[in-house]
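One structure is given here, and the rest of the page talks about it.
The letters A, B, C and D name the chains in turn, as written, and every chain counts its residues from 1.
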Amino acid sequence: MEHLLWLIPACPLAGFLILTLTGKSMPPAWVAIIGAGMVSLSAIFTIIIGIDFLTFPPASGHHSQTLWTWMEVADFHPKITLYLDALSLVFIFVITFIGALIHLYSVAFMAFDKDYSRFFACMNLFVFSMLLLVLADNLLLLYLGWEGVGLCSYLLIGFWYEHSENGYAARKAFIITRIGDTAMAIGIFVIFYQFGTLLIPDILAKAPSLWHPGASMATITALLLLAGGLGKSAQLPFQTWLPDAMAGPSPVSALIHAATMVTAGVYLIARMHVIFELSPTVQLIVAGIGAATLFIAGFSALTQYDLKRVLAYSTISQIGYMFLALGLGAWTAAIFHFMIHAFFKALLFLAAGAVIDALNHEHNMSKMGGLKNKLPVVFWTFVIGSASLIALPLISSGFYSKDQILWFAWASKNGNPLLWLIAFLGAFITALYTTRMVILTFWGATKTEVQRLPGKLITIPLIILAFFTICAGFIELPHNFGSLTLFSDFLHQVLPETVLKSTANGEFSFQLLAALATFGGIYTAYILWHKQPERIEKLKRNEAVLLLYSFWHAGWGFDQLYKTVIVRPVVFLANINKNDVVDKIYQGITLVSIGLYRCLSFTQSGSLRWYIMGLVVGAIIILGIQIIL
Amino acid sequence: MILIWLIGLLMGGGLLAFLVGQWNKTLPRWISLYTLIIGFIALISFWVEHYAAINIGSTDSWMIDFQQDWIPSFGISFHLAIDGLSLLLLMLTFFLGILAVLCSWKEITEHLGFYHFNLLWILAGISGVFMAMDLFLFYFFWEIMLIPMYFLIGIWGSKNREYAAYKFFIFTQVSGLLMFISILALYFIHAQNTGRYTFNYFELLGTVIAPQTAFWLMMGFMIAFAVKLPVVPFHSWLPDAHSEAPTAGSLILAGLLLKTGAYGILRFVLPLFPEIAKTYAPCAMLLGVIGIIYGAILAFSQTDLKRLIAYTSVSHMGFVILGIFAFNELAFQGVVMQLLTHAISTGALFIMAGMLKERLHTREIDEMGGLWFQMPKMGAIAVLFAMASLGLPGLGNFVAEFLILLGAFKSNMWLTVLATIGLIFSAIYSLRMIQKVFHGPIPASAPFSDFSWREVFIMAVLTISIIWLGLYPQPIINTARPMIKQMEQLFPTEFKNQP
Amino acid sequence: MIANDLSALMPLLLLAGSAVLIMLLIAIKFNHRSIQISSLLLFVISFLSIFQLQKPLPYFIEPLFVIDDFSIFMIGLIIFSSLVVNIISYLYFEGKEESPKEYYVLLFLCTLGGCVLAVSNHFISLFLGLEVLTVGLYALIAYFRARHHNIEAGIKYLILAAFSSAFLLFGMALMYFQLGTMNFSAMTGKLGTISSLPPLFLTGFGLMLIGIGFKLAVVPFHMWTADVYQGAPTPVTSFIATVSKGGVFAVLIRFFIAIDGFRFHALMVVFVVIAIASMVIGNLLALQQKNVKRLLAYSSIAHLGYLLVAFIPGNAMSIPAVSFYLAVYFVTTLTAFGILTILSSKENDMENINNFKALFWDHPVLACIFSTALLSLAGIPLTAGFIGKFYILASGLQTGFWVLALVLILSSVYGLYYYLRIINTLFSGQQNPASQEKTVRPVFYLISSIVLSFLTLLILWIGIYPSGLMQLIEHFQIR
Amino acid sequence: MKTEISMEMILLLAALLFVMGIAGVIIRKNIIFMLLSIEVMLNASGLAFVAAGSHWGQPDGQVMFVFILAMAAAEVSVGLALILQIYHQHKSLDIDNLKEMKG
């Protein structure tokens, strides 16, 4: 089945080309068929190849198909090769399956938009670049996918280009991710000069022999790759662009800013895990960043009133969990949480999209309410999604993935109690803001009437996704519940085992604690926002809480910080130098020569006696020179 | 024999267009178009025919050589020869020439004959520069390329075209004359050493010069090429010349005239003064990096569209300097790629700026906005080429910039890190350009027509070539390899310690 | 005067004879047309007479003259330029208030003076040639008595010329006092041995330099140039710019080679200072000049500076460089002033730069000729000026005069600016439909444009294939 | 009896005359007086020539003097003709109102 591998990225690429070249003249129906069809075709191929990969796993553990040699200079010869192994199989399954559902959803959701074909073209291009990113066998091809994904997120965030703030949000996203990409590019240079090649399998094989653990080169390379990952996955220093990226249509937020693109950083670190293992300090940094981000994002989500921004902050916090897991060395747990998170976050975004569409583009949760019985399907799917987000014990898949991370935060080799405590608090806050969201949107009095009921094409994807959010978790059960570790065994072909501390025991007590945090969060949110809303009013009135509230609302002030520290000085510096200070030198030279001209033309005064004087002075000078020399 | 024939074709075509232009208004366009197409086809067939020879890896990189005495008393001969690099740049010259004629189809209305005369004579001068192997002849063509460009900017330019034309001419002329003195000094030193008075490049290659004088000679050459390839302190003529020139003029200016500077350094400065070049490589690379960042910051603050694009090419040419003085094969291949891809991407942006000027009669981006609604095709192509200019992988510029940075990383790490930071600035100005011109509220003014068939053809050709260079640059790399192998003999140490 | 003396001096005798012949024709009241034709014929005859001079050169006519290859070349150049000035001035004098009959007589006399200078080998012949040339020019400059500018230029030139020839004479007297002989070849014998110049001879040479400097219009003595060029009638200006400078430079070369002044440090420093000053000040003065004739005057000062740069090194290449550049400078200046003559109307000459607006679209041929001439003056390739500048730089750099070469380069850039300013006005502006009516004499208009196109083709031919002229100069070289 | 007048004294006289001539040309405003002082300068150089001729005992000096006289005469005649025209146009011989061409 190896030779079919190229079909997976080729279908969306074909979709993109057809739609861009002839999109304008095609009727919308055709556009939808091609747009959604191509991605579903790719999903079907993925499933076929996946099944074949699972049933008869190839001896070397990976399929690879070389299309052509990209370039060949001296001894740098990257090839365009697609490389499928367990890790990338999981990713392409998630991308194509959820991508297909989202495309199906957006056929109805974007039906009334005038740039219908442009939307599907960009979505197909995105799926293509994401697949390329995941299937790349060398870092250069990975970088190609990496930047392609950044481009598509720029195009899609700024999809409704009439409002210039969408354009600015798109530009902000691209530039911040670009900073990360530059760091990654420098990382690629370092790797090339250390290993002499960019082929990932060779790098991973040679790394342990080249560097001893904790070597400075390993740390530098890991840091650079981490910076690239942080930029793309909107982690701590670079997280300000994701909330603004909600300016794009909801399917875009669902596909790009929840399921796939933002987890590219996770994929990169998982793929290059050998380098990260060689530098424990960087692993600790990764864990630390993950923990800090989940904590900050959690609190910011608590204070948002825009439905999609809450989900955006929640995405940042959930990816924080994945980074935490990666930092701890729990590779398979991170990937598992990625898969589960992709399902329920896509579901939440699509449901949110349906709600916003129904209330005629009303984003503000305070104006929603009482939609429980008006949009039953959307309500139930939203609740299932939130349950999984909250990690409701036993029934929701979120529990299995997040609980694993919590357990490893405590038990794994480089886990420590502080990390566990932050993760535990994070779980509590997640429960808090999720329930607040559900209550504010679905319970209480209906403030705005429902204009449109979502059609069948919107509800079917929601239901499928809801089904998966429930049962996807069962393929990886913790030890004390029947220890079914299908998922991690499958991934152990590529990623190493998670090493536990020798004294690690009592997993059940930690699960109990996690469940306690979840229920506590639900209850407090129920009290605060449903039972006694006046308590919130009282809290808001006193000074300190209001200040804290606005601080959290503005994403812990990072936006403001960047604006004053970086953006404003650069803009000011550029504008004062608008017409190029270097040009002044040349204008100076012209002024000097014109001045010389003026005083010389003054000597041409026209009077004969002046000329004779000139002649005599000249004579004196010449005779003087002759006599002196 | 094809070399003489190419230059003769261009000059003859120019004269014919000028004469015909006196009484017939439309014929000159066709004449110049056909001359360029013939020349282009001839070059392509020559390339295909010689491509096999290159791949065998023959050590001698010179494909064809033509020598004929011109002023025997001074040892000046009409000596033309091309190798991989010159062939590539020649094809670029004819390719952009065709596009220049096509994009000025409707834009230029009066004095058509003289316009095409100038156009073809610039191209003749440029192809002469790329072929000349006699230093006197090289300077001869170096000057010939100036006058028609001066007329092109001075007569068909926009508002303050005289100022721009003067500035362009005098900048290049001063530096050219300094180079002329270095050529003469080299000529006399060679004559003293060997007693033979000749300007032949191959004989002058080996002259032994005292380091002190060699430095001054190299500075003479370097200043001429630094002005042409705008290195930061000498770049202030570029934005004026670009913003005032007609579309075809700025296309040729950006696409070809900047490349003559880079070609000059590769052909004359490095082989003639290898030791001095090595000692002064770090500060040259520093100039390159300054160019990248300074050009990007300036591009960011411009409001005139063509000036903005002009400053972006200052930034891109900073990469070229960085690559040249890194002295290894990766960087040299990156430089050759950058010359081609920068010509295509900046050329396309200039053509679109010209089209916008034709439709909106203004170059100020503050007055534009929301044009995507009326011109979706142009919007899409503009985004593509803006992405090319910020170095999106999959397009030509990325391959070039990546190779340059990879090559330069080995020779000077910290400068390359600074240069990579320049990539962020390139993203900032490109996206600001797209945002200001195509996004934002849709204007109520009269509907603007999208691409006509001619413009679609131009843009399609450019898009295909930039994507082809991005995904499969191997033919270009193979053609340039023999020339770079020769460079290896000059800088064995830098080439040797590959990873 | 034995027979071969006669044949050796044939061109000079012919010129003198034709001056007398023209006077007789005027006396017999011949109409203007026949005088013009006869003057043309006589000029052509005297030009052809050069070719019949037999070969045992150098032929010394004791003590005053020497006819050698170099002098033949200079005589040829001078007579050729006067021929061109003669042809061009036909159109100029059509319909003017002064009848131009006496003009041709003066023209012949001045050419005779120039040729005498070219062959002179003695102080007396130098003085004679110089004065014949200068006094002839007084009348030529002030030819149109009724016009203020002519008279003003005439009187200025007269007083300054007399003033400087007094200096010349006093210098010659001191040198004669020191050496005891006035013959150049005798002087080589006297000065050959001593290493440093005696002081009296030095001051004498300095004073003589002032006289020669005035005629060459180099910097300390350049102030009269602009006013006289502007005031004099345009053909006379072109005559002054070419013949008077050429002749004086020829005699300076012969004299300097005779006393071998290149080895004396003091003389060289003076020349270097003069050269640099005239290059810089000449170009700077012309920077924003509105009047084209004054602009060309200042640019001729700068060109003399370039000539001195070629002359100063005194190596094997400098004399051919000087003669090459003189030839190129003559042809280009004649073309430039020729265009001014053709375009100038009855009342006022074509002076102000704005009258050149959109000339390219009205008279494309004339504009092409004028821009070729200007580009050649600026030294742009494809024109003779470039090869001239190359030759000068080559001779300058051969003996390592770096400073001179750099000053030449930088000052020639200023030159570029003001030449381009003129070319720019040629092309700017709209084509005014009613271009002036056909000139009064289409025949002369045609002749002059033919002559000028021939000169332009000559410029381009030398620019593209210069080795023809170079061989000619190699052949006619001072031995 | 040849009274011994040393050559230096004569040259000194000639130089003195020459300088006075120069001063005359610079100071005087009337054109005729300028011509006159130029004559003085020419005669000074003539004297120098005669002195040099006698110093070497050759007739060349005097021959040169005769040429100088002839040249001076020719030059003055043309000068006076011009002065007539100037007077006719400007009604005054002051050199300072001949200043139209400048710059």
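Quick note on the criterion: a residue touches a chain if its C-beta (ideal position, glycine included) is under 8 Å from a C-beta of that chain, and two chains touch if they have at least 3 such contacts.
Note that the structure is a prediction, hence the values are computed from the model and not measured.
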Between C-D and B-C, the pair joined by more C-beta contacts: C-D
Label of the chain whose CA centroid is most distant from the centroid of subunit B: D
Centrality ranking, top chain (CA atoms only): B
Centroid distance [mean C-alpha coordinates] between subunit C and subunit B, Å: 44
Mean-CA-position distance for subunit D and subunit B (Å): 66
Mean-CA-position distance for subunit D and subunit C (Å): 27
Gap in Å, rounded to a whole number, between the CA centres of subunit D and subunit A: 98
Subunit D, residues touching no fewer than two other chains: 25, 98, 100-103
Residue numbers of subunit B (touch at least two other chains): none
Shared interface positions of subunit C, touching two or more other chains: 155-156, 159, 163, 226-227, 289
All pairs of touching chains, each written as two labels joined by a dash: A-B, A-C, A-D, B-C, C-D
Contact footprint of subunit C on subunit B as seen in their complex: 22, 70-74, 111, 136, 139-140, 143-144, 146-147, 150-151, 154-155, 162, 165-166, 169-170, 173-174, 177-178, 180-181, 184-185, 187-188
Partner subunit A, residues of subunit C touching it in the complex: 155-156, 159-160, 163-164, 167, 199, 202-203, 205-207, 209-210, 213-214, 219-221, 223-224, 226-227, 265-267, 269-270, 273-274, 281, 284-285, 287-289, 414
Of subunit A, residues touching subunit D in the complex: 601, 604-609, 612-613, 616
Footprint of subunit A on subunit B - complex, ascending: 167, 232-233, 235-236, 239, 297-298, 300-302, 328-330, 333, 369-370, 372-373, 376, 380, 383, 387, 392-394, 398-399, 402-403, 405-406, 409-410, 416-417, 420-421, 423-424, 427-428, 431-432, 435, 438-442, 471-474, 477, 498-499
Interface residues, subunit A side, partner subunit B - complex: 20, 24, 68-76, 80, 118, 140, 143-144, 146-148, 151, 154-155, 158, 161-164, 166-168, 170-171, 174-175, 178-179, 182, 185-186, 189, 192-194, 196, 570, 573-575, 577-578, 580, 582-583, 585-586
